């Protein structure tokens, strides 16, 4: 499995390498797709935390940090350099002086302060607020006790000082598009909602709600020579079957693939040449509610992990479009422990564990699931007969995603199956198992383990990266041992691209989110002009 | 005539009010909230504090009767509220989607009428012949296909295999993009119209006044032109009006399949994301459209059929 | 002669579907739910798996057979609910008249104005996907035509001599409605019900496509078809057979409905399209 | 040409096709109508009198069709005329009034226009002229304020008024033959007399021959010079109207006459119940062998059950089809 990841990363690197080896061609249109639903929320990216909206936002907006897909870490985007105080709490940023907004004005420190203050407007409940809260004084603004974030200071037009409340890497906090930097003067106008202005490589040109967003090359973009294409058109195609036809029909340049199409594209000699695979930071798990009596027993939870043949499901049902999960942290996490081996498929052992726990005849539980093909009812359906073999009966409770997220937070379930983000920051990911994290946040299985808490607390306190990783690995192992969940798989995101599209990045946080300035189309594209 | 129109419009008011109340009640008990939909993809988890703030902002914390009162007051001033998701007035969100849906519904009805009505006419005039048989079997078959399946087949055939038409989306709003979704949506009403027209024409062909017309020495063509068509038209028009509702309803499926940016896909999206003001607004607008079209049909029928005004 | 052809073909198709549904446990090769064997996922049709297998390795032939039960249940039960609601409201409104008639009329007009698929979609979202929810959703949203028909018949029948006679004899209203009025309007109502059953089977498929259909454990044709739509290029048989099953059933019901109409309701071919 | 009778029907047969089988719904019908003469056809419903009239005007539709015999109109055989030729006769020289004034007029068209159509079709008039002519036509059927009435729709008129409109349409082109199929059956008794009078006066004034069809022997006897009695698709007796009352020949005719409530009859015979003919007209597919009336006939004998009676001429040009005619 590990080898596979290396191969994938290598493949991604090769693609990157190839892209650099060739001289990028200027001009043409990139025809990208937004696959997650049939619309964008609106043109104010601050209001949405959805990947679907980040897909367009990347063209128009930029944030303080950006995600470096190749090195798999956050990097500075709108700042040239940063210096950190010795206690690790005060960050001083030297901002870019060549970043120009689409209406022609250069970005300065005020824009960042204005943006962050806006995001903390408590009456608006912007989803990005949770990240800004790491800055000292931000919570007071949110509660209406202060007008300004005290931990955010303008030193000069291009220098900003940020004081944090905790010792964390702010890169992991400030790279998402829901924290995009807006021009202070324009963004407060009403027209901004229909004509967004940002710092991104492309300048907004057209938006057809429910259909597409188009943007044109921003000539004054701060990265020299970029962007390459004249235009980017992002079409919303929620239906996988429709996307499949559109891609084969050469109407779009890239398409996120589901398992069924992954198989088909891999088998097709022409299509198989344009497939980009990435181990994404999503872990698919079945959460087991400890308030449901059988699941309170660790042995029962382990038995479930032994009873389901996850490898077989991944192979046959996910069509290898997933990697076997060992524990919570995903393959691409810096704290992933290669020494940890996934629970082996072993029905006999499962039976034994069940008997020890006092359930020799098994029991019945209700499994809440959505209809998602990769981590929903189809998976449950395949697992049912396997659980049946060790005496566990399953009743499926079908729900919509919205309802799933609500019952998980309220603990109104016996078991659920979900795909959860487990990265990129391993510390943040593991915090979901800290006893101080409420169920309403992300400790859905009410995990409580003093040893785990201690390891995690130490990890967040230390400034020694080695020790931090070491602690996180240990904590991850505890989660593995305690088995609050059935660890099913880590997503393998797959994107098909046309032969003329170059410069895609293997973004492990979400493959559909791309830096458009690095992409270009050669003359064989139907939209090369 | 004007009083007739006014009366018909006034009659729709209680319906609109009833629909408004019904959808309010329905969507006040729907499980899940907009806030919970935001962490549905498991990607970025919303912290409880923001969710609480959102729920407060969107009025989830108020008792139902307070929300209902607010909702009715808003409606009375023609305000559909503010979308949770876009944070813009629902009216403007819907306005963006109205034209594509109108285009689609109109195109599919035109398809249905242009094919279905003549088909039904021919079938009736040649009743019991093979023409009749074939056209009616076609019609019933068209009624028996799941819409998304038909759409998918059309997409494969005309976009992928034949390459004649684009497979998805609104494009520049031109006719090429409209054809496939309109046909997918129009097949069922086409089939129904063919059937209704056939039945109506057959009924009228056996009517006494048509026999009178023949007894007058009229040629069959004149009988059809002078007497049959207008009488059949009333029934066909009524069917068209009622079918319009079905078409808008089914547009939900077709728009989703073809990534058509209409009211239907907005509605499905908003239901999934629990953007309740938009859901309520879209349903109200759809109902309003239906009532308007049917009032129009009634007026047309009254113009054609003098008996209607008086009953 | 066409009449007989309709009735015959429709009847044969529908009976076949009913019989397959009833005999599914004997005709099926495997259990439609439990016999998921991932080792045999997506086998094309052959001697062992007549219709092939699906992504979970289940025998599609068996699932299509069992699916008949689900789809027929959906069609029949939801239409029964619709018919009972429609007849109760329409009959009483037509017979009693007055304010009750106004109320029923208003309700009917409202139901007509909300496209039934959208209404069903809303109910499914509220009740969460599942068979019971689906029966409720489809059973509550399609009674307006039956209601209108029952009301109109009751209006015209109530002035008939034999109804008046029953009144004079001191029969209770309910008894008059059930014994005097209802039998005389049953024909057209059966026709509407038959056609509506086909509509319900299609609506199930549409709701499945929108992610709000029936969900397991039992297979429904709509969800089979909708789940397999992404595999149409790689494993078309997974969707072709449930698709055909839907087509045959709905076609049968439509033909049957047309045929019945010609027999039971010969004077009103145009009453309902 | 004037030597010929206006209409001669000879051995007319009308077939009803069911599947591949053809049943004779009407058989061996022969009669003639002179110019200006009023001829009555009487019989119970289902006896074939209406379809006989439809055959004369060429309006039989599937599953009915002419199976044999000749129809000679003004000396010319018309049973095989092309549709176009037939249309020239229809409405113009032969026209027809139907039983149901409620439904025989197009509900969506003003009556003026429906009358005007006749002039446009047969007289080549423009719509404007035709409209003026239709006012006159309406006036001639004694409709008050005709210039206002022509704008009315059928549903705004009473049954009697509608039948007047029908008559206006039928007589618009001054036809040679008017077929009146139960023209007053659906009307109030008080209106019936007016309508009949109208038909009689107008046809007399125009010299139009009338074929009056009714189940009401009394009405026929009042209106017509000669009467044909039909039973189960056959003409069973044909006589002068006054003779048929005094001396009916066929047992069926006797039955019909006996069932009439004659004025003054009570005085003559005292209180007595009207006689009814037992039984019903058999359906086309189940005509009995022999004389078709035999199952209902009081005088039936074995020969009636076994042998079809031929036509026997009576005095005064009368004809009867009975083994035991009186």
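We call the chains A, B, C and D, going by the order they appear; numbering starts again at 1 in every chain.
Here, a contact is a pair of C-beta atoms (placed from the backbone, for glycine too) under 8 Å apart; a residue touches a chain by one contact, two chains touch by 3 or more.
Here the structure is a predicted model, which is why all the values come from computation and not from measurement.
Undergrad: What are the mutual neighbours of chain A and chain C in this structure?
TA: The shared contacts of chain A and chain C, listed by label, come to B.
Undergrad: Using C-alpha centres only, name the chain that sits farthest from chain C.
TA: Comparing chain centres, D lies farthest from chain C.
Undergrad: Can you figure out the chain closest to the middle, judged by Cα centres?
TA: So the chain sitting closest to the middle is B.
Undergrad: Using the touch rule from the top, point out the two chains with the most contacting C-beta pairs.
TA: The largest set of C-beta contacts joins the chains A-B.
Undergrad: Taking the mean of the C-alpha atoms as each chain's centre, how many Å separate chain B from chain D?
TA: One centre to the other, that is 52 Å.
Undergrad: State, to the nearest whole Å, the distance from the C-alpha centre of chain A to the C-alpha centre of chain B.
TA: The answer is 38 Å.
Undergrad: Can you compute the centre-to-centre distance for chain B and chain C, using the mean CA position of each chain? Integer Å is fine.
TA: That pair's centroid distance is 21 Å.
Undergrad: What parts of chain C, by residue number, touch at least two of the other chains?
TA: Within chain C, residues 1, 125, 128, 211, 229, 232 contact more than one other chain.
Undergrad: Hey, what residues on chain B touch two or more of the other chains?
TA: Expected reply: 31, 152, 156, 256-257, 268, 272.
Undergrad: Two or more other chains touching the same residue: where does that happen in chain A?
TA: 241, 399-400, 403
Undergrad: What pairs of chains are touching here?
TA: Touching chain pairs, listed by label, are A-B, A-C, B-C, B-D.
Undergrad: Across the complex, what residues on chain B touch chain C?
TA: 14-15, 18-19, 22-23, 26-27, 29-31, 128, 132-133, 136, 140-141, 143-149, 152, 156, 192-193, 195-196, 199-200, 202-203, 235, 239, 242-243, 245-246, 248-250, 252-253, 256-257, 267-268, 271-272, 279, 283, 286-287, 290-291
Undergrad: In their shared complex, at which residues does chain D touch chain B?
TA: For this pair, the touching residues of chain D are 57, 59, 83-84, 87-92, 95-96, 98, 100, 103-109, 117-118, 121-122, 153, 155, 166, 169.
Undergrad: Under the definition above, what is the set of chain B residues touching chain A in their complex?
TA: Residues in contact with chain A: 31-33, 36-51, 53-54, 57, 85-88, 93, 96-97, 100, 152, 155-156, 159-160, 163, 166-170, 255-262, 265-266, 268-269, 272-274.
Undergrad: Please output the residues of chain C touching chain A within their complex, sorted ascending.
TA: Within the complex, chain C touches chain A at residues 33-39, 41, 55-57, 125, 128-130, 211-212, 215-217, 227, 229-235.
Undergrad: Which part of chain A faces chain C closely enough to touch in the complex?
TA: Checking each residue of chain A against chain C gives 240-241, 244, 258, 260-261, 263-264, 267, 309, 312-313, 315-317, 371, 373, 377-378, 380-382, 384-385, 388, 396-400, 403.
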